[in-house]
């Protein structure tokens, strides 16, 4: 399938710096790649690897300054792009090379209808305007699978779901049947099942138009499922390049190997088991018939319209156990967490913790409860006050709960906690923004541990992290559980992550529990249709699917 | 388990003095503004000591003395006012009242407005609604009427002038603080603190207020300029600072009748006001650029790599 | 939507009532108007007559109740100074101010959008620097000072424009110019700032990837998204103009509500003070609601 | 098109647009620019400057007018007056006078006008000149009225100069903004921007040259001056001294206003005569005068020359800082609390450069060794200090004042300022009261000499005030007008006296 002899785009020796007060930061260092018609090239790398910058350079999307294209050539269909004047360059963008982005909500202009934004592509390249452009836009929307395109063409981006928005972006990109489509992390923010649909769409379109596809991703499974060829980037450099199957089956570079080993494999035997070893029989938390209604609108005549975010959920967690709650966005899993932490009020139901209903607690009792249950949040950037030093962040529970620790011992204990989570005592003087995402999540765990809890609720605690870091943080959590006898409620959208960590798994959809069971049982024989979909939605390597 | 150390060196924080100074030198206009403001502040602090009582000593024989003549001494270089007092000396002494009043008014309105805004934004109790209605009322309450009421009931004094100016500017801070809080209280670190059991007071003071403050400080720079101008408008209407106290605004207002015959009486203080407010605006623009990670590079050295 | 409007309107009415109550009692703290309306050498008897004629001899809470009773019958009281209905005086002056404010705010917003977006298109360029400096300098000068210098230069010195007053369109030039200075200066900064952050938004990357022209990106995509903060600030400035064009009105002899307000305040013409505040406050609250509605027009994500 | 030509065209457009307003003033029409908008046009308020300057002698006419030179009443709508007995005056009215609404002027109309003034149903400023006198008016025949007062009123003919006669069709129980009088002009428009007067064809006297007068108002003196300079207006009765820079058009006039500082003689240390004398001596009067122009007259008493009772021979206080210091030291030695803070209370906008004058005087008194502190107040606040009852906790204070007596007789001055019952008076001297009462009851030479003696005693023995200056007003008159201001200009600008040069 690859047609390396006649690439449509050939990038050679691309080097991009970002300038500031310090030494220039080299984002992309001597990167070369090429792609041919009908071929899919995947650029794989973790955050900060320079994978997006290299394609932005091809699209002329880098502002210079502060960007600085130090060297490199981009030969597109025989034309050197870097030497073109603005007008000529513009005629290539959108018409011959198109691009889609990670977060379509941000990348679509919020104040214009999608129809207008699609029609704009035709208008600015002289390919139709007015009614004709609109008709074409409707056709495109139909092609990318937007239902009722005739009416949805006049909707604004925020009126679509995440997957539909990405479809709109794709429609806009393929409007003029470009030679190359660059897809920058197109499925990262989407649920697994939606991700599969979008990837299918991209594959179909590529088959139809014969365009070259450059796909940027950090997700090894996505990469494997799409790539003909693959280049792996790390620290701005290409560390490995080759035919996808070869790279995956026989990685040459140490970094690639590390990435692939961090992957939570479908095959249970390969990865270390991080499940609990000792689970006491004692029930720590028992949730009964938990329900949360949100009032959508209340009019004088219409009456209340309510939406059940959590619908009659019951489960229990035993001491030393890890319960995984899995569900896609809108499944109600986070609402459960917030109610357990007392951040939101439930509409009805009970949650008995150590013999007492959480929702009826107040005053002293509630304070005592808050010591025993802690939370680790999804976003390690947002869950810490950016103006507070690490010392203040970790010691805050002691300020609130005066009886935990005398002030004289705080410093020592902060150092202990930092070491416990794999950081250094001297980090206590720094601010959150001086740490990487994984390190911040360790700090969040240290803070959670500060009040000596019995249960930690982790809400998507590793979802925002790079794959290799995810594994490290889960290792840490597993290790702490063993050492401190903790229990976890581990909430995630990513089924594979909990496979080796959770003892039991509960799958949620639309506020209800659809399936619950021991992890191994659930993975081996998913009973519910939805669980099966989730498991199957995990992308399969292209070479396997094509072979099969 | 691997120990992961943070990146070798923390990035240059745009808070450290040396970095800020470097950014300042790269924007010549901002540098000039900063130097001018520094001089004005120095004059305000040292002024009375520098010129002694020259600013209030009568010189009826030097009435409306024209500027740029050194015959009567250097202090008369900018001319003399209607009572023959040297304008230069009055500018220097007037800086103290002008800046003092503006600073006190801005600080007071930021403090009160900010606090009320924090409360109104965080809580949804009845008093939050009351605060918002109160803000509405203050917004549509004519500042002139307030000035007169205060002038009449409390008497003419600098403190009372500060009260008037502070009250009229307060809603800006209140609304801004509230809007910020509405957004901040949904942030995860606030949820985290709540989950830990932190009381509302602690969350507001420890977690939300420090993040609202920079926005309020940015507004206050522009507001400082507004307050100086409002104060001079009050003087124009006779409701501002009352003799024998004076500010630049009052100097312009009193000298305005002489613009056709002795322009310097109103010109110099007008220029002082203009340069001061202009400098403040320029500096706050500069500060915005510094604070914006997207724009900060404009103030950086941008040394390119060797090719 | 209608529920929202209803809620806003009820809040506004509440605020207006609160405002009027506050004004009623506070203004009466500022002294007895009879001292100002009667000659200095009037007899005590004449003063008593005056108080009786104007209802000032009643206890203040009684006066307030009477005021409320009259309000319900749409009687807003008599002007002490002008011998006629206070609301009539206020409504006569208000359009004059409104004309000035509307023209000044519209012009300065339009100009500021043009200048601000051009400045933001090439940040740091000569145009950007000059535009910022000039607009800020204009916004930094005391307006009465600019107005008087303007008259001396353009009317007396160059004899190009009339000094003051109303009449032909030339009479509008200087007052509008002076009124525009500050809004224009502030708005240029707001537009520029909003444009810079809009131009750094992801959707601008999309537009560039689509191959749109620079002009379309700046005026089509970035500008439209920058309008929200501009509308907010322009609304605030319009509010202050409705309340405070007093300096310009006073200097240029423009018979607006600001001048009326200051005259009434100084003369303790309480009924007129209350009526002008009723008129301006109502206008301000209507303006605020209109701005909220404009938000929804400008940003489809906003729905009430 | 290049830039220069754009400029030229722009300028040309501006010129043509501006031109009509200047040309619109046809030969017989004038525009007058006043400092303030008249609040209303009630004829009973003509003693208020901005009402009187429009209405007085133009729309409405009084029974008598005061001669600006002699201070004596002259006939206007009244042609003769005789005192029947000490409390009764018989007034003969002019014949053939018609109101602008066609009604005839007769005794009934005059009785109506006076009863309207004194009826208490409208706020009437003019009536204040009569003090607390009770009047009864009876028409004797068609053109004769008899006015009785409850006590002797020797200056009744002078007082009649504030009686503006209005048409009997005027509502008696409410103030009006559309006065109808007998004057040579009738009111045409009264809007928030202008007052327009048109000539009245049926006027009884000589027809004025001017056919139409438009009044506008601008608070800024420099703008009023500019308007006359550019021809946008023909006349402004009041500009600030610094704007009176063109001798061709700018005329100074003694405007009957006298400025002074009142000393609160009841409060120590001001109850000590030496301190009061020192206050007078410590001021550099010549320097201070520069604030008000070269033409101001140093005042030794509260009325200007031409007012019955003014004493030309009375010397004002000289400037003698040494003597002032000496007096203060003497007082200190005698145990007077010289260092007590004395409040100098000024009023915003009382007269041009008023605040500057207060600042200057404060500095001079401080130099002399007195602890004087200036406070500037708003009118209403200042009035509390001016008029009885004074605020209880007022402390020692000096009050900035200005007195305007253009009614020809010191009776409008002396009792208010110097009698213990006077509403501005801080004095309480029964002997002085008696002297005042006697002078007020007298007529002719006795009256004049009595007043003179009172002024002399106030200046030399009592020292209850610090007379400053007899003030000067400045007018700017457009080149095409023939008109000079006089002492009455502050209260009236009769259009009939204005001529248009060819």
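Note that the chains are named A, B, C and D in the order they appear, and that numbering of residues resets to 1 at the start of each chain.
The rule is simple: a contact is a pair of C-beta atoms (placed from the backbone, for glycine too) under 8 Å apart; a residue touches a chain by one contact, two chains touch by 3 or more.
By chain, with names taken from UniProt: A = ABC transporter ATP-binding protein; B, C = ABC transporter permease; D = Peptide ABC transporter substrate-binding protein.
Here the structure is a predicted model, which is why all the values come from computation and not from measurement.
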Original post:
Which chain pair shares more contacting C-beta pairs: B-C, or B-D?
Top reply: B-C
**OP:** Provide the C-alpha centroid distance between chain B and chain C, rounded to the nearest whole angstrom.
**Re:** 22
Original post:
Where the centres are mean C-alpha positions, what is the separation of chain B from chain D, in Å?
Top reply: 45
Original post:
Can you give the whole-Å distance between the Cα centres of chain A and chain D?
Top reply: 85
Original post:
Counting in whole Å, what is the centre-to-centre distance of chain A and chain C, each centre being its mean C-alpha position?
Top reply: 49
Original post:
Going by the touch rule set out above, which residues of chain B reach two or more other chains?
Top reply: 148, 152, 256, 259-260
Subject >> For chain C, residues contacting two or more additional chains >> reply: 30-31, 148, 152, 156, 250, 266
Original post:
Which parts of chain D, given as residue numbers and ranges, touch two or more other chains?
Top reply: 220, 222, 226, 378, 380-381
Original post:
What are the touching chain pairs in this one?
Top reply: A-B, A-C, B-C, B-D, C-D
Original post:
In the complex of these two chains, what residues of chain B are touching chain C?
Top reply: 29, 133-134, 136-137, 139-145, 148-149, 152-153, 172, 222, 225, 229, 232-233, 236-237, 249, 252-253, 256, 259-260, 266, 270, 273-278, 281-282, 285, 288, 292, 294-295, 298
Original post:
Can you list the residues on chain C that touch chain D in the complex?
Top reply: 30-33, 35-43, 45-46, 49-50, 53, 80-84, 92-93, 96, 148, 151-152, 155-156, 159-170, 250-251, 253, 255, 260, 263, 266-268
**OP:** In the complex, go through chain B and note every residue touching chain A.
**Re:** 1-7, 10-12, 19, 22, 187-189, 191-199, 202, 206-207, 210-211, 296-297, 300-305, 307
Original post:
Tell me, which parts of chain C touch chain A in their complex?
Top reply: 3, 201-203, 205-214, 216, 220-221, 224-225, 298-301
Original post:
Which residues of chain A touch chain C in their complex?
Top reply: 56, 59-61, 86, 90-95, 98-99, 101, 103, 106-112, 120-121, 124-125, 156, 158, 169, 172-173, 299-300
